[in-house]
Every structure is written in structure tokens, then in C-alpha cells.
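Once you've had a glance at the structure underneath, I'll fire off some questions.
Think of it as A, B, C and D in the order they're written, each chain with its own count starting at 1.
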Amino acid sequence: MVDVPRYWYNIVADLPVPLPPLVDPLDDEAAGDGLGSRIGLLVRILPSRLIDEEYTLSRLLPIPEPVREAYRRAGRPTPLLRAEGFERALGVSGRVRIYYKYEGALPTGSHKLNTAIPQVYYAKLDGAVEVATETGAGQWGLAVSIAAAMLGLKAVVFMTRSSYRSKKARRIAMETLGATVYPSPSEVTEAGRRALRENPGHPGSLGLAITEAIEYVLSGERRRYVAGSVLESVLTHQTVIGLEALEQLPEEPDYMVACVGGGSNMGGFTYPAIGMKLRGEGFERTRFVAAESAAAPRLSRGEYRYDGLDTGLVLPLARMYSLGKDYVPPAIHAAGLRYHGAAPSLSLLRRLGLVEARAYSQEEVAEAARLFARSEGLIPAPESAHAVRAVVDIARRAPEGTVIAFNLSGHGLMDTDAYEKLGVAGGGS
Amino acid sequence: MELSRPGFSVYLTLGYPGPAEALEVLRSLEACVDFYELGLPTRRPKYDGPTVRATHRRAVEAGVEGLEALRLLERGGLGKPFTLMAYLEDYLERPGLRGLLEEAAAAGALCVLLPDLPFDYPEMLEWYVDESLRAGLRPCFFASSRFPHGWLLRYAALRPLYIYLGLQPATGVELPIAVERNVRLARRLVGGSYLLTGFAVRRPETAAALIRAGADAVVVGSAVIRALEEGGVGEARRLACSIYEAVHGAAAGV
Amino acid sequence: MVDVPRYWYNIVADLPVPLPPLVDPLDDEAAGDGLGSRIGLLVRILPSRLIDEEYTLSRLLPIPEPVREAYRRAGRPTPLLRAEGFERALGVSGRVRIYYKYEGALPTGSHKLNTAIPQVYYAKLDGAVEVATETGAGQWGLAVSIAAAMLGLKAVVFMTRSSYRSKKARRIAMETLGATVYPSPSEVTEAGRRALRENPGHPGSLGLAITEAIEYVLSGERRRYVAGSVLESVLTHQTVIGLEALEQLPEEPDYMVACVGGGSNMGGFTYPAIGMKLRGEGFERTRFVAAESAAAPRLSRGEYRYDGLDTGLVLPLARMYSLGKDYVPPAIHAAGLRYHGAAPSLSLLRRLGLVEARAYSQEEVAEAARLFARSEGLIPAPESAHAVRAVVDIARRAPEGTVIAFNLSGHGLMDTDAYEKLGVAGGGS
Amino acid sequence: MELSRPGFSVYLTLGYPGPAEALEVLRSLEACVDFYELGLPTRRPKYDGPTVRATHRRAVEAGVEGLEALRLLERGGLGKPFTLMAYLEDYLERPGLRGLLEEAAAAGALCVLLPDLPFDYPEMLEWYVDESLRAGLRPCFFASSRFPHGWLLRYAALRPLYIYLGLQPATGVELPIAVERNVRLARRLVGGSYLLTGFAVRRPETAAALIRAGADAVVVGSAVIRALEEGGVGEARRLACSIYEAVHGAAAGV
């Protein structure tokens, strides 16, 4: 039986070209907000050990024993399943074999817990008593709330206003776990108040919610910001997914597919395999496919350049595919895919052609989710359903013997409002 | 020519604190450095931290920019070897990489470190090496503390004057990073190559620890600049000398 | 590492006195509904193999390999966790050790899947294409919907009307999985129409929903009814919980606690240990505590006698603690505890004093749920929170060295409406 | 006295089809039974299936109830041994367990089977045994197919005339239960005790299979009653004889 890995995998060590660094905005002096270097500011924002993991030459990072233990408590390793029902429903039985890693098995219902646990643990090592963060659909906020409850810290979550309204169940779940949840833009921070002044009906964006969470952290003592995606260290934590999958997969897939918000579940699922490919140890013919939302198609349509990680530029800039830090995506149900950028390493791999990207509309994704739910018995999260959709496309056109593996990053039991509105519930079968 | 092992270097932007004083300041540190690292002033010091960025701005505002800064060295030269730091971006169009390197060679530099080359122009690595050799220079390479192992191996195979390991995300900014672990790892990868470490070193003990962890040399920039700003040349010199001694002492096993 | 058990445990073989049989109502001839013997009718209602498991002399029942495989897919074995955070929050750290088995780790979020899988599988063996059932909060209906989707059958669920309204997320989740969900009383069956005629505002009851589901099954071809609790065979299926727990528990508890609706999670969790006690193989000093709702306190206040399993008396009578088959409990949030009776074997054990019962009000349960969520990071289902409440009581008064194990039968991520109304979300921590 | 092995028995409620015909019907089956099982008519045949329940109702409606039914046997008696079946509930108050057993003994019964005793009066088990012996009867015990192993062992230790295993949840109702597995399990538990099996047996093959699975005897009730209803005494006799032969053939290895 597969055990929880002892190390996370840091793909930066194996990239074919160096990863452009995070940088300060060059006009920082001009900004005059008194915060100084954004790079320097990280030390007041992020847990120390996370910073160290962000800047390491190590290929393998030891998972601290308390984190491994918490992973086990939370149900890691998660299962890798063969999607036989889905293969039948797609009419590709016997021709195409489909596997999926099921991160919805974690108690928050998504992969987000994989990094929430170490980050909250690191914050605690720093003596923090509060962790703050942003959230879209609430998967990340819920994961942080759980990790905080497990480790005895208080969680403060800035939830994009559109989701604050539509994902009420997740919000209340966070509150039940003791977290304080603010709709973003909020009245709690200067950045939030400014956004509300400019647009009282602002639906919120992840970029803005990040700025708010960081402002909250900087304005008090013993607080740390925890990051839901995009940072290399976060993707590194998520590699538990892929490392387990390598042990579990009975055969090398022709395709490995995941959805992309900030890139953490995609990175977590695929990097260990991409690393083997880069080192010439396998996966030579495997294609890596990122499924994103047509509402925020940064990898398909964004520009590869330095841009702000957050709207308020409190964080450094990163070179990545971006739709612009001020982009406010439509309020789609897959709120976790509404981020304007994609993790620098994933962006680089995309630029190098090692990762492909496909963008899908909410409607075509819903159809795939419906098919999957009814044939496999698991309701995909609206985010994860994008990966399902990509698998449908690939499988239908694939030649005999094709093997597809994808990451089902979360379940959608708390996203039923979305499925009702999208007409996935009910109807014929 | 090879650099001394162990080595200690000070980084200063050429033209800082001003065109008139730059050379004088450098010379005042001469007894306590094994070599200098001199930055060609730029309007876009994109991978530098705030302290170094300010020195670029000061130099540029004083009318010293790019290769022009080399003229400052003509007024008598330095008593220790030096290498240059420049952003390739500034020279690609004019005078081109070759022009940059030829002028650097003419000014007596040992190499030109291009910190943006691996990130922004990785495909130009071999070209840079060829052109450096052609100009009579050795290549020097920049690496960050999140860097592909393959590139460190590749660097080492290209027989550089040094491989510069940026210990922190930017110059002068100290984050809680286990830099000694990174130095040990880099050393394993670069073999016998000359490993220069820098970014945000500001204390003798840190420098000594880096040498013990496997670095060949340490370079200090922002800390010296801040000492200069706060306590003048004397303070800068005291800091440089204390680190110089720590570096040499550490190598001697003190 | 613990594997999925190969056998279920049938406590009937070890009971200190014989279990009274299910019987026909003696006035059946008079009923004149043409359905004849209720015992005889079972063959048209239940999956054949379930009937055989209901009437077996075997102590151990082999788990069919496809069911074991599905258990593994679903994430069995589920974790057994030490509640250190909760111990601290209770102020009993170092004095009392608390363990819990976490059935919320299953993809439906509760233990119900443990019996949904075999029952739907057995229905399929009978050639059925549809399975019908009742549900309260929707945990059982959701489990059946998942099992049906996994195995390619159609699920039809009669959901008590009060929950149909309040547990919208679970309803839509079922529909997303392809199930048809009717509010009970419904217009679809004669029993439903009759109840609505008598009381147009009828909130529904599990007993009535059972009658409706069975009427639905009897009125069509290739349909089977699947039972969410109460039947011995259902409790037997649930013993995977306790059998795993026996392997996982590092020490023999002084108390084993579970909530009781029909009795299936209580039976599943405790019977393997009670069996050992009855056979003199251990657990001599262990006390077994059933936590029920004060809104349906059958074990604490009910009468031990023959009563209908369902309101319409379509099923046989069972001797059990009952509040009367026509009892309509208040519409509490823990809808899964609203059943009027308790499984015959559990009732018998209660009568023999081998199981104790305690009833709690919704409010005192909510307080315990809040404490648990904030200290352990897991939100208990409102049903399971009754067990948590009992543990609080026991732990606070327990002497040094007391060991308590309880079954956290499900998570409450889809019951946030309840926690919001009960004031568990938000507030101080 | 011990019952024959293998054994075949027919169950009929005493007084059915009517007070006048009851004895005659029983006698007509005599050649094809090893012993009879006779039910004392009751208003609450609580653990019986619909067919047997109807015979109780018929007898009671015809004025035959409880111990009175024994009078029907006085008119000449039966040519084969018989045992009685009665619900203890009906006799507890009047005439009491002792009275019931004494009257049964006086009528020539070998034992009185009390199907409600294990479920409703488990604490009276030893008392029942004592009273049976006191009355000159052997004890007979009822077990269902979901029954504690400990009780089967206890039954066996009490040296009963037979242990009656109810194969189905109620008489005359056939559900898809692996009855042979249950017989095999029961046999392992009861050791050498005489194991009588019944409830819903209606075909010779089933009876033979039960014997092969380890039963000592088979009793048929509802099926014979239905045959009687549908085809009269001749039909009932044909059915009984075919099962009788199957039972005896199975034991002989046919």
C-alpha cells in the first residue's frame, strides 16, 4: 500500500531554463505607500519556513513529521481510481483507459488542505496566532479554517463578494470552524474600501482579496498570510498528489490533465511526472494538459510578462501568463478559476510547450460534470469539472489504447447551487 | 587569471555615490577586498533590491549611465581586479553584446556578469560565453537560490571565472532562507568551479559561515552602501575589513 | 496498515437471548389491501441477498469481492483519530483520552454508503434497474444515489418534506447524480396522497417515506427497495466500521459512543466490541452509550413492543423501542434521528442493559458540535453531534485515565444551514 | 422414546379443517409420516404465516381452542407419535405451564413445542424443561434462522426430543434464504441432537436437500394445508407421501 510521501518535489530544480525571480515593482519608490520593497515585505507576510521553501535549491523537500501526520489524519494517500463507469458513459470502454486521483477525499473536499496544513503549521512556528487569506469558492478558505482549527490558530478569510453570496454553505462552514469571513471588497481594509468607493457593486476578485488579506496581516501583530496557490512553495506542497499518483498509476499515461486556477493542483499532480520527463526518466510521450475557464483564460490567451500577484501590488511581481492584475472575471461558478494569472513555473512550462492549455465555457463543463457524476457517483467541484471536460475531449478523439489520468481536485457537494443553475441536477440520465 | 580563494568582494554601482567620489570610495576599500564587483548604472535594475536600486538611480541622475561609467575608471584605475555587472537588456540593441564585452575588456574587467541573461535570454548563454572569450574575458554566471540543477552543471562545464549564487531573492533583502544549505547544494553541483555568494550578506559571521558551507568567496553590496550612507567611508571600510577578515579567517579554519 | 475487512459481523449469533422475529400484523386479513403477508411481501421489496443476510445463522458474513472493492474505492478503511485538540478544548487533556472513527471520510460524508453499496449491488444481482428509498437529512438518499450511479442503476428517493426544503444542497446533489427526488408525503403514491389529504402541511416522517418508497417499488417492475437502517442486515453491513476500529484502537475504551437514528451506525461501530464482550473475549468493562435526540427519544422513553417499521405497515412489525409508528417528530436539524423506532437488536441490547441511552436537545448538541469543530477541524453532522455531546458529558465527569471512543458518523459540511440557525457559526471561539 | 431418523412429519392445527374431519385427515396421512406435529388452536398465532394462521382461525371459529382440541384425539387416537405446538402466552395464566404439559402428556404427546418461549419468555427455559420432565415429556425447542449460537448449544445440552429449526421467517412463506447453509451451521452447533427443520418446505427436493445438509427430519405444514384446500385429502396425501419418500431416500443416499 502506498504511504504518504516523505518529501515534496520542487520542480524548479529540474526546469530546462531558470525560473524568472519574483521582483519588486520598479517604481516602488514612487508608490510611496511606505511599505518599501515587496520582496523585503514578504518576511512580514509569509511564514518563514514557506519563504525558505520558496527559495531552495533542493529538489526534494522533507515533509515535517507533524505535517505528514496531519496528512495521514486527513486521509492521505488519497485514492487513484479507474473511471470505468465514465469510460462506458463516454463510449470509449476498452479503447481508452481513464484514471483519476481523487483529492475530494480530503475532509475539506479539495486538494487545498495539502498546503493549508504546512502553511498554518509554519505560521505557528513563527508564533503567529492568526492566519489570514483570500478565497473564491471557499475551498481554500475552508481548508485554511480546518487547518487553523486543527492547529489552534484563528483564521480570517476574505471571500470574493460574489462567492460570499452564492457559496453560503462554505462560508458558514468556515464560521462553524471558528473562522471570521469578510466579503471582499470589505470595509475592513483600505484596499477594500477604495474598491467599494470606485464600484459599490464590485463582485470581488482573488487579486483584490489577496491585497486585503495582506493588508490585514500587516496591520496587526502575530499574523501571517497563507497563500492558496501560485507560489512555487505551494505547488511544491501539492506534489504529494503527483508523488502518490506515480506510485499508484498502473501505467504511464499518454495524457495528464488538471484544471488551473493559480496552478497548484495542476502543478501538484503533474510536476513529479514532468520532472521525470525532464530528467529523462520516463513520461517521454506524456502530454500535460491544463484546463482553464474561458472566463479567465490566462494560459490560453494571457500575456507572458511580469505582473502583480495581487491587485494592490502588495506582493512582488511575478513573470507569468496573466490577464492583468486588475482583470475582474465574470462571476462564474468555478470561482477558484477566476485568478488572473498562473504560477510562474507553470507559465514557464506552458511557454516552453511542455504544458498545453485549453479553455472551456461554463456550459460545456457542466455537461461533462453531469456525465461524470452519473457514471462515477462523484460530483466534481466546478473547478475540477474543467479537467473532466478536457478528458472528454481527449478521450473521444483518442486512438485505441490511450491512457488518460486526471486530477479530480475536489468534490462539488457544496457547489450544488451551481449545478442547479447550470441544469446539471435533474433531467434525463 | 583566477580569483583568490577565499575571496572577498565589494559591490558598488559605478558612479555612486557620485561621479566624483566613486573611485575614491572604491580605493578606500582596497586593502580589504580581493576584487571588486562594479555595476554599470541602469534605469531598470530589475533584479536588484531597494538599496542597490537607489545607487543606480543616484548614478543615473548624476548623468552616469551604462558603459559611460567605465570612464570613471580611466582616472587612475584600481589596485585590485574587478568584474562588471550589467543588465544585458540595456545593451542588446546598442552597442550589442559584443560591444559591451569589448568595452569591458578594454577597461580591464575580468568578466561581465549579466544577471538577467539566465532568466530573460537563456538561449544566449553559449553566445555570451563565445563572445566573452573572443573579447579576452572569462564568462561569469548568475544563479539564484531557486535554480535548475542542470544549469549549474552546465555553468560549471563552461569553465567560468565564477558562478555567482544570489542567496536571497534580491540584493540587500534578507529573508529567512537557509542559505548555507543552498551553498552546500550548489557546491555539490558546481564541483571545483569558483563559487561566489552574495545578496544581503551584512555580518562577518554570515560571511564566514558561507565560506565554511563551501563558498569560495563572498560579496557584499547593500550593507556597505548602507554603512557608507550612514557612517561615511570610514564606516564602510570598517565593515568591509571585518568581513574580509572573517572570510579569510574562516578559510584558515579560525 | 489496516485493510478492509473480509467479513461483516452478525451480532444476532452472539446475543444473550434470541432476537424476536419480524412478524405480520395479526389483523392482516382485515387490512384487506391485497398485499397479503408482510413477511411474504419482502421478497418483492428487498434485494434477495439482503433477505438471506437478514436470516442467517452465520456469525461472519463474507463481503462480496465487488463490494469490498467498492469500499476501497470509497476510501475504506476510514481513519480512527485521536481527538487531542478536542481533549484540550474540553480541559481533559492528560486525564481522558478520546478517539473517534471518522465515517465522514467517505464520499457521501457519512457511514450510509457502507450499506448502500451492498444493497444496490444485491438489487442489481436481482436484475433491478431502479432502487427506491426514503431519506431524512439526505445522507442516506445521497449514499444510495452514489451507489446507484457507481453501479449503473437509477435511484428514486422519497425525502421527508421538511428536509426536502431545508437540505436543498443534498437534494440537488442527489439530482446531480441522476436520482429522482420526491418530497414525502408526495403525490406519487397513494400513501402520500392520503397523508397530504389529512394534513396538507405534513412535514413528513421517515416511517411514511418508507411506506411511499415501498409502494413505489411494488407498483413497478425491476425495482427494489433499499433500507437505510433498522434491519439487522443493514447493521451487519455497518460493522465494517467497528471491525476496522478494533484493529485501529490502541487501547480498549471504557466507553463506546454513537448516535442513534435507526441504530445502524451505533450497531456498526459497537457490535464487534459488544460481540467480544458477549463471548468473553474482551471489552468487559466497556460501556456502550447511545446518543439520541430528545425530539425522538425512543431508547430513553419509548416502549419496547411490536410496532410497525413504517407508518403504512407495508413492512412487517418488529419488536423494538418505539414512539409509535405514527409519531411525527418535530422538524429538528438532525433529520436522520427522527425515526420512531430503533433496530430490534439494539433495542434488545438496551433492554438487557448492555447499551445505555441518553437523549439531548438540539441546543446542547449544537454547543458540543461547535466545540468539536473548532478544536478538531471537522464539522460533525447534526446527527453525529449527538455522539459528540454524549462524549462531552462523559469526559467531563470521567476519572483519570478514562478512554472514550466514539463514531463520528458523518460530517456536516452540507448541514451548514442548521449550524447557522443554531448559532454555531460565527461568534467567539 | 426417540423419533426415527430420518423423520418426516406433517403439521396440522388440531381442529382443522373442522372438528369432525380433523382426525380423519390426520389418519389419511398416517402411512407417510413418521410423527405428527399438532397445533393447539389459538386466536394469536403470532409467529405463524398466513396459511397456518387461517387454520387457527378456522378451528377457533368452529369452537375448538387451546387444550380443548385434545379431545378430538380421544375418539380413537393416532397410529403415529405426535408432538404438540402451542403458544405459551395462551396458557401462562390458565392452566399454567404445568397444566398445559400435564394435559399434553395425558393426551399422549411426546413434547410440547412453545415457539414464543425463546423470544418472549427466554427466562423460563429451564423451568419449561423441568416441568416437561416432571410431566413425563421430553423438552422440544424452537430456533429461528437468526438465533444465538449460545442458545443452540444450550438447547443441545438440555437433551431435547428435538430442536425445531424454523428455516423461514414464518411458516409457509418462502424467502430467498440459503436454508441449507443454515442447516449445516445449526448441525455443527447442536451436535447429535435431533434436528427437525421446517417452515415453507413444499417440495420433495427441498426436503431431501435439507436431510443431506444435516437435518434429521423435515416437517411440512402450509404446503399440505394448501394441497388439502385445493385438492382435498387425496392431494394432501400425495404430497406428504412424495416428501416422505424423498426424506427417506435422501437418507439412504438415493
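Some observations on this one:
Criterion: contacts are C-beta pairs under 8 Å (C-beta built on N, C-alpha and C of every residue); 3 or more make two chains touch, one makes a residue touch a chain.
What you see is a predicted model; the values in this text were computed from it and never measured.
The chains in contact with subunit A and with subunit D alike are C. Path length between subunit B and subunit C in the touching-chain graph (shortest route): 2. The distance from the centre of subunit B to the centre of subunit D, with each centre set as the mean of the Cα atoms, comes to 104 Å. Subunit C and subunit D have centres, each the mean of its CA atoms, that are 38 Å apart.
Counting partner chains per residue, subunit D shows two or more touched chains at no residue at all.
The set of subunit C residues that touch two or more partner chains is empty.
If touching chains are joined by edges, the resulting network of the protein chains shown is an open path. Which chains touch which is summed up as A-B, A-C, C-D. The part of subunit C that touches subunit D in the complex is made up of residues 10, 12-24, 26, 28-29, 36-37, 39-40, 42-43, 48-49, 51-52, 54-59, 232, 316, 319. Across the complex, subunit B meets subunit A through its residues 44-47, 49-50, 53-54, 57, 118-120, 122, 143-151, 168-170, 173-178, 181-182, 185-186, 189. Contact residues on subunit A toward subunit C in their complex (touch as defined above): 1, 72-73, 75, 79, 81, 85, 88, 104-105, 107, 109, 145-150, 152, 154, 168-173, 175-178, 180, 369-370, 373-379, 411-414, 416-417, 419-420, 424-426, 429.
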